[in-house]
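For clarity, chains are labelled A, B, C, D, E, F, G and H in written order, and residue numbers in each chain start from 1.
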Amino acid sequence: MSEHILTAHDLDVSEGQIPRENWFESSETLSKLRKSKKFPTIWCSGCGIGIVMGALIRAIDHLGIKNDEVALVAGIGCTARMPVYMDFNTLHTTHGRALAFATGLKIARPDMHVIAIMGDGDALAIGGNHFIHTARRNLDITAIVVNNAIYGMTGGQYSPTTPLDKRATTAPYGNIEPPFPVCELAIAAGATYVARSTVYHALELDKFLAEAIAKDGFSLVEAMSYCHTTYGRLNKFGKATDMMRSLKDNTITKTAYDKLPPEERASNTKFVRGMFCNIDRLPYTSQYDKVIARAQGGAQ
Amino acid sequence: MSEHILTAHDLDVSEGQIPRENWFESSETLSKLRKSKKFPTIWCSGCGIGIVMGALIRAIDHLGIKNDEVALVAGIGCTARMPVYMDFNTLHTTHGRALAFATGLKIARPDMHVIAIMGDGDALAIGGNHFIHTARRNLDITAIVVNNAIYGMTGGQYSPTTPLDKRATTAPYGNIEPPFPVCELAIAAGATYVARSTVYHALELDKFLAEAIAKDGFSLVEAMSYCHTTYGRLNKFGKATDMMRSLKDNTITKTAYDKLPPEERASNTKFVRGMFCNIDRLPYTSQYDKVIARAQGGAQ
Amino acid sequence: MIEATTVEQPNIANSPTAQPARKGPRGQVIIYAKWCKGCQICVEFCPMGVLAFAQDLDRAVVVAAEKCTACHFCDTHCPDLAIVVKRFD
Amino acid sequence: MIEATTVEQPNIANSPTAQPARKGPRGQVIIYAKWCKGCQICVEFCPMGVLAFAQDLDRAVVVAAEKCTACHFCDTHCPDLAIVVKRFD
Amino acid sequence: MTAKTDTDRTEIRLAGEGGQGMILAGIVLAEAAAIYDNKNAVQTQSYGPEARGGASKAEVIIANGEIDHPEVIAADVLIALSQEACDKYAANVKPDGLLIVDEDQVERLPNRPVIRVPVSKLALDTTGKAITANTVALGVLVGLTGIVSRQAIEKAIMARAPKGTEEMNRKALEAGFTAIERLAH
Amino acid sequence: MTAKTDTDRTEIRLAGEGGQGMILAGIVLAEAAAIYDNKNAVQTQSYGPEARGGASKAEVIIANGEIDHPEVIAADVLIALSQEACDKYAANVKPDGLLIVDEDQVERLPNRPVIRVPVSKLALDTTGKAITANTVALGVLVGLTGIVSRQAIEKAIMARAPKGTEEMNRKALEAGFTAIERLAH
Amino acid sequence: MTIKLMQGNEAIGMGAIAAGCRFYAGYPITPSTEVAEILSRELPKLGGKFIQMEDEIASMAAIIGARVGGLKSMTATSGPGFSLMQENLGYAAMAEIPCVIVNVQRLGPSTGQPTAASQGDVMQARWGTHGDHPMIALTPVTVRQSFDLTVKAFNLSEKFRTPVILLTDEIIGHMREPVKLPAFETIHPYEQVVADTPESYKAFRNEPGDVPPMAPFGRGYRYHITGLFHDEVGFPTQRLDEIDPWLERVNHKFDRHLDEIIMVESDFQEGAKTAIVTYGATARSARHALKIARQRGLKVSMLTLLTIWPFPETQVESLGDQVDRIIVPEMNLGQLALEVERMVGRRKVKRVNRANGEMVTPQMILDAIEG
Amino acid sequence: MTIKLMQGNEAIGMGAIAAGCRFYAGYPITPSTEVAEILSRELPKLGGKFIQMEDEIASMAAIIGARVGGLKSMTATSGPGFSLMQENLGYAAMAEIPCVIVNVQRLGPSTGQPTAASQGDVMQARWGTHGDHPMIALTPVTVRQSFDLTVKAFNLSEKFRTPVILLTDEIIGHMREPVKLPAFETIHPYEQVVADTPESYKAFRNEPGDVPPMAPFGRGYRYHITGLFHDEVGFPTQRLDEIDPWLERVNHKFDRHLDEIIMVESDFQEGAKTAIVTYGATARSARHALKIARQRGLKVSMLTLLTIWPFPETQVESLGDQVDRIIVPEMNLGQLALEVERMVGRRKVKRVNRANGEMVTPQMILDAIEG
């Protein structure tokens, strides 16, 4: 069937027809990928991490930031493999520590846009402390948490975002640990911009990411993107497309949520999408400029 | 002068007059101290940590809990030296890790009252991750944070609770890092009982501590108690008594705070004292009983 | 779950279903076969049924090019950046 | 700083100043000299002036035992648990 | 036919793409040998860097006595279900060893005797499920080498087959056996 | 009088309670030697487990040449301002060394020659501030041993004295010197 | 029990259960994760507890906490996690808390190659935490030994009140072999007995060679445990007369029990002037090479170390006296070889190393034997 | 500069400034805290940055991040913190990020005795992180050397793209000595030069013996840095043909530069049959003992190691050839002595150990010399 269709429309282009080099030129997004890198990515077929990557590139592109001005910092995990595919300054660090490395980098280079890309385990299990401290200090870093509700890379152990009662390889009888409310935690810790969306709402992600990167202060974007390979399989949630549909169906916008009567709010089980916080506080590096001024002014 | 007074009233008793053993019997509180331990404590003259210790003993006493049922777990710091003086099961661990040790202990012995005693650095700098995760999992542990706004033990470096602009030995030009709102962070992370008071309001501490220990779930009591030796000295805040007075003068009860008009609330600079959260959630160990039941029921 | 803040909810720029199909294709859909992993996200969610899954090739193919409205759902949601949609202007 | 919760503010059980002095001592203040570090918290905050600081001994002493109302400020605030107040019943 | 190393053992490598179940096939083969055929067996595996998917391979050493070194030194048998697998491991097959490839997946062949079997096509044709290719592969392997008995491999497969898939797997195994018989003619 | 070790050095220990400033006194003594008297000096210290307070001691080694081992091996001089300090370190004073104690703080004395000076009382009497006891102690020490010149110790003290306390410290030092002169009579 | 094809990691999980482990805390990491997965399933069946902590630091802390509460406990990890556990591992040594730490070695340094094998953490197992401390590390060669040495690890840890490291590797951990486990009832785990009354009990009594038993919390023995130097009842001390006896006792804990702790397998050949000293997965390559060498008429002896720390000094030294040459094959750049060199002299030692994630091949060892 | 009475820790802070350090991240810990305190005051005066991180893990991460951003960077800690830094220390080795880690050793294990001195982290400095990796550790004996070796540490770390450990101890760190520092203008710190264009630049080019310079981020050289095994441009790889050259280059980085890296001070005496090998604070006790011994007419040589890792193999071996006996005094239970034994044979080595927080006394060493 398909061969026929191919010929009929001449629209579906296989590698033979578009040289690799040309493909990278066929969109702004693709042009920011690393031509030297092997594609497709290492992610499972249908994994939403790649969708977040697309959104991130579009956000950076939208802001008109030069590739050289961007530093991507990641820890370890499926999500953390994202930076290597993009033509920025990319630093793949140790599990959980992306924000701590990013802190050093940002202080050394306040002019650069430093973006940390983390899985939920990376950001919130082993990396939880750096997460709250980087927010508190208000480093002008954009933290992206791809929340796939599980540890993907290591094969499906429960994470601090696995919903209650769901199964994981280390929760064969169902998870009993309540998940973190990631956005609320970030707000309590001091983040200046906090938003959440899903990979189904990819263009919303574009927008939140662009706002987050533009923000002068610590910003967090939580991107829901279920790991169908582990979380989905262990909980019989179906294929990537089924889980994508559940992201579509099981979220509610913050605007809609805010309009709900209190009882319904309390019983709401959908994920709330939207921007939850956008406040102004002088970022760490600007504060530090004052320290330097005081030190050099001789005041002690 | 004083020798004369002593003789006149025969009320001020020096060691010669009360044998050490008898002194331990002169109050319920004293009777829970370790007779085998060298007193007075290692803390500076006037340090509020001892006041928290008194409050803790009274709270335990008030609840009628037997000494043997109490386990005190501490990290490292001035505050963390507290357990050794009390006649309970006492575990002095590594810096920042009290709650992680306490988690293992509580799961092994759900029947015991496990109380973690931490300085602000211990609990929230190096220990921040365990703090939020223990709250999230809702281990039925009582966390006491003695917030002295600095690292006392190591001599006065800034901590995640040092107020903005204040000096510390590592902030000679004033601290530029905003302090954590400790109670809010605990609430966002999932604590079921959260309260704050000060060592000036010692009896309020008694009450909060008793409620916290009685609570079936993760509870936090933040006890404000400035370190006059380092924080006070570096910022010229005066003696222990001066700082005690500032705790009296610079706090406001939650009830009073809640009644303030919004503008005044926004500009309020006083510490709010009170209980901020008291919700019911099944604690981790009870949840785990269900896992055992499921496992033993053969359901998988 | 999340407390109210003072900030407004952003608009979602492009709701895929919000754009009704007009006559003739509005865009050209290009799939880079070598990168497509056959996840079928584009196939399942293209509101116009432009795409289909070719079992034998284990990847997506364009089956109804003329229906494409250039809504960009497919290229913004392809996890492998294996689709580009070019809007005809 | 802290958002409202549904829980009520606890009452403070014993406000030290809330208890007016009556005639004669209501309690006995005992200071265990060996443990007192002379921080003067009890001295400074005793609402009745029962205690004083003895510079030469570098510790607190009782100077006005008869004024003690047994408000328990001193023994609950002594950081060294060096005071016990016994209420006369 | 199965050449012996100096310490008398048969070394088998099963390689393909992640998700093709070659590691499971290796485990089943080892179980057939060790549990149902009273031999000794050691099974090892390796994955590519991909989270899921990517190249993967299983190795099975079968012997009557002790098995020391647990990995293939030079393969007596290689079954390769993907081009990458063939490219990577063909050179390590002993000169008198067996190289079996899926004829529809492996186009570039090394310059040596190769047994070409349409493994995945057989799977699809027989059971309608591509994922039974590994069972077909086991049929081919056992049919060709006799390294374990047919009963043993069948028992081992049945013991691992998820409920309800027994029949499908039996058919797939049969298809493997038959393919060899056809080859043999 | 100050006995020499095998490698020609004078070993001085200053001990008291934390907060008495004995460590600072040690530093000042070492500075007097090294900066103002053109000698060599090494200063070390130790604290008790107490956060603040508790036992504390400083050690100063003064020599004309190199100083290798930086700690007191056997003290030529010990000045002890507390009972604990005396108890702990008196035994380590050389037989022909000097043991100086604050006569009001140290009651139990070892069975050996001891020089008793009312150091803290002198401080209080002279300056009204107990914290100047360490300066008085330096006066006593230097007055007795001449291990550094009086000018050097004065300069060293002045360099370290917080603004506004110079006069007080000078008086305290003087008080130390004078106490010795009285002793000498 | 029947014959089962079992992975080394699975055998470790089973060994823990058999040894009486009733608490596991860990953080997933390749290639150790199966240990956690198995215990998350098996422990609750026995009323035991499994928890996945927020990181490896917390995992190590939690197992210590649980043991203080009276449950035998274990964690499993690999290189990066093992590095993070070092501080609290030292705590366990200092406070003498029994516990078992499994390190399934993968290729390092850093993230390295998570799915590749290595013996790169051999020296770290001994020296990874700061300060001097005693340490036991066991290295299984087979799946069955993964079970047996796990049981042994628990027993040694209880008997000597010390953390014990089961130092295995990706090969042995993921390899499947047929094994028949002993019936668990036939296994009699070591159980500490606290004979003292709470009044006479001294948790850290310093009688040389004596390891005082550890009373669990909440059973009437209220005492203090600390990572500071402490006296016999556990109170912090700076007094040398209290510290010195502690150092004496704890750092020489194993001295009089080395035959119980040190396990080796000797395969000596009369007249051999070459010997192999080996451990872990590499021992399998070495055995393979040994058989071939002997087939070829070469005389070679072999010493397989199942205990690498404390290092089997006597055994290696006396082997050194018998042969002219000792080959030490390792999946690292030469770590345990340093100890062998120390015992027998550098000139006698021939290192065979591979540190790229692949096994040392029998051929490499054969070349060394023949070369 | 004039003569000042200065602590070792202060000299380290000054050395860092002189060497061009412009970023410090740390977490306070006795007895290292003065280093942080001094740099929190001094760095901003020069436009440099100081940050106190939430823990030592983050501190180690931050200094790597800052160096990737182009600032020379340092952290300082002591045992417990050093244990926590191990994972990211391995990352720095793997990713070849220059940085300096100061460990002011205190008595361990665990919390131990925070204010007491020790040389207990000597082996940890070499083996604390998982996996094989190169490592440099320098051990100053005087306050002035604390300054000089800090400068040297930065220079070596830049030149060889490697973390360098300044392994000092509580004695040297807190001791005050008169020093006269050189004018900072006279110090010419090593600066990397990136000669390649962004197009031809390969951050991890594997030319044997060659250490490719590290381009800072944001200067046109967009590349990838990872803790996984990687190819020449920094992309993760599992290919042995890419890993092996990396192993070859990185693990032999120092080999051809040992005379630059290894610093020792020899004090050989004609005809001496006894020698002392020493480092750090203990070297001072050893010198004291040596002088007395020589006064008494005994012939003794001495080798003071200012570099302990890589271990000065040649120097110690040739010393071993000259003497019958080597005394190794250490404030630990015998750590570097293991290496000395390895080089010269166990029978020649006499260890003198003290691990209770007190210095080894000259008398203990004299006894060993005379005994």
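Simple rule for what comes next: a residue touches a chain if its C-beta (ideal position, glycine included) is under 8 Å from a C-beta of that chain, and two chains touch if they have at least 3 such contacts.
Please read these numbers as outputs of a predicted model, since none were measured by experiment.
The set of chains in contact with chain B as well as chain D is empty. Chain pair with the most C-beta contact pairs: G-H.
Rounded to a whole number, the gap between the C-alpha centres of chain B and chain F is 41 angstrom. Distance between chain centres (mean CA atoms), chain A to chain B: 37 Å.
Computed from the mean C-alpha positions, the centre of chain A lies at a distance of 21 Å from the centre of chain C.
Distance between chain centres (mean CA atoms), chain D to chain E: 84 Å. Shared interface positions of chain C, defined as residues touching 2 or more other chains, are 3. For chain E, residues that reach two or more other chains under the stated contact definition are 49. Among the residues of chain G, those in touch with two or more other chains are 41, 44, 54-55, 57, 80, 87, 91, 110-111, 226-228, 236, 238. Listing the residues of chain B that touch chain H in their complex gives 76, 94-96, 125-126, 128, 151, 153-155, 157-158, 160, 169-173. The touching residues of chain C, counted against chain A in their complex, run 1-5, 7-10, 12-14, 28-41, 44-45, 52, 54, 56-57, 60-63, 65, 72, 75-82, 84, 86. Chain H meets chain G in the complex at residues 57, 78-80, 82-84, 86-87, 90-91, 93-95, 105, 107-113, 116, 118, 120-121, 123-124, 126-133, 226-229, 238, 240, 243-244, 247, 251, 332-333, 335, 338-339, 341-343, 345-346, 355-358. Contact residues of chain B toward chain G in the complex are 36-38, 67-69, 71, 73, 76, 83-84, 87-94, 97, 100-109, 111-112, 129-130, 133, 288, 291-292, 294-296, 300.
Contact residues on chain H toward chain B in their complex (touch as defined above): 27-30, 33, 36-37, 40-41, 44, 50, 52, 54-56, 80, 110-111.
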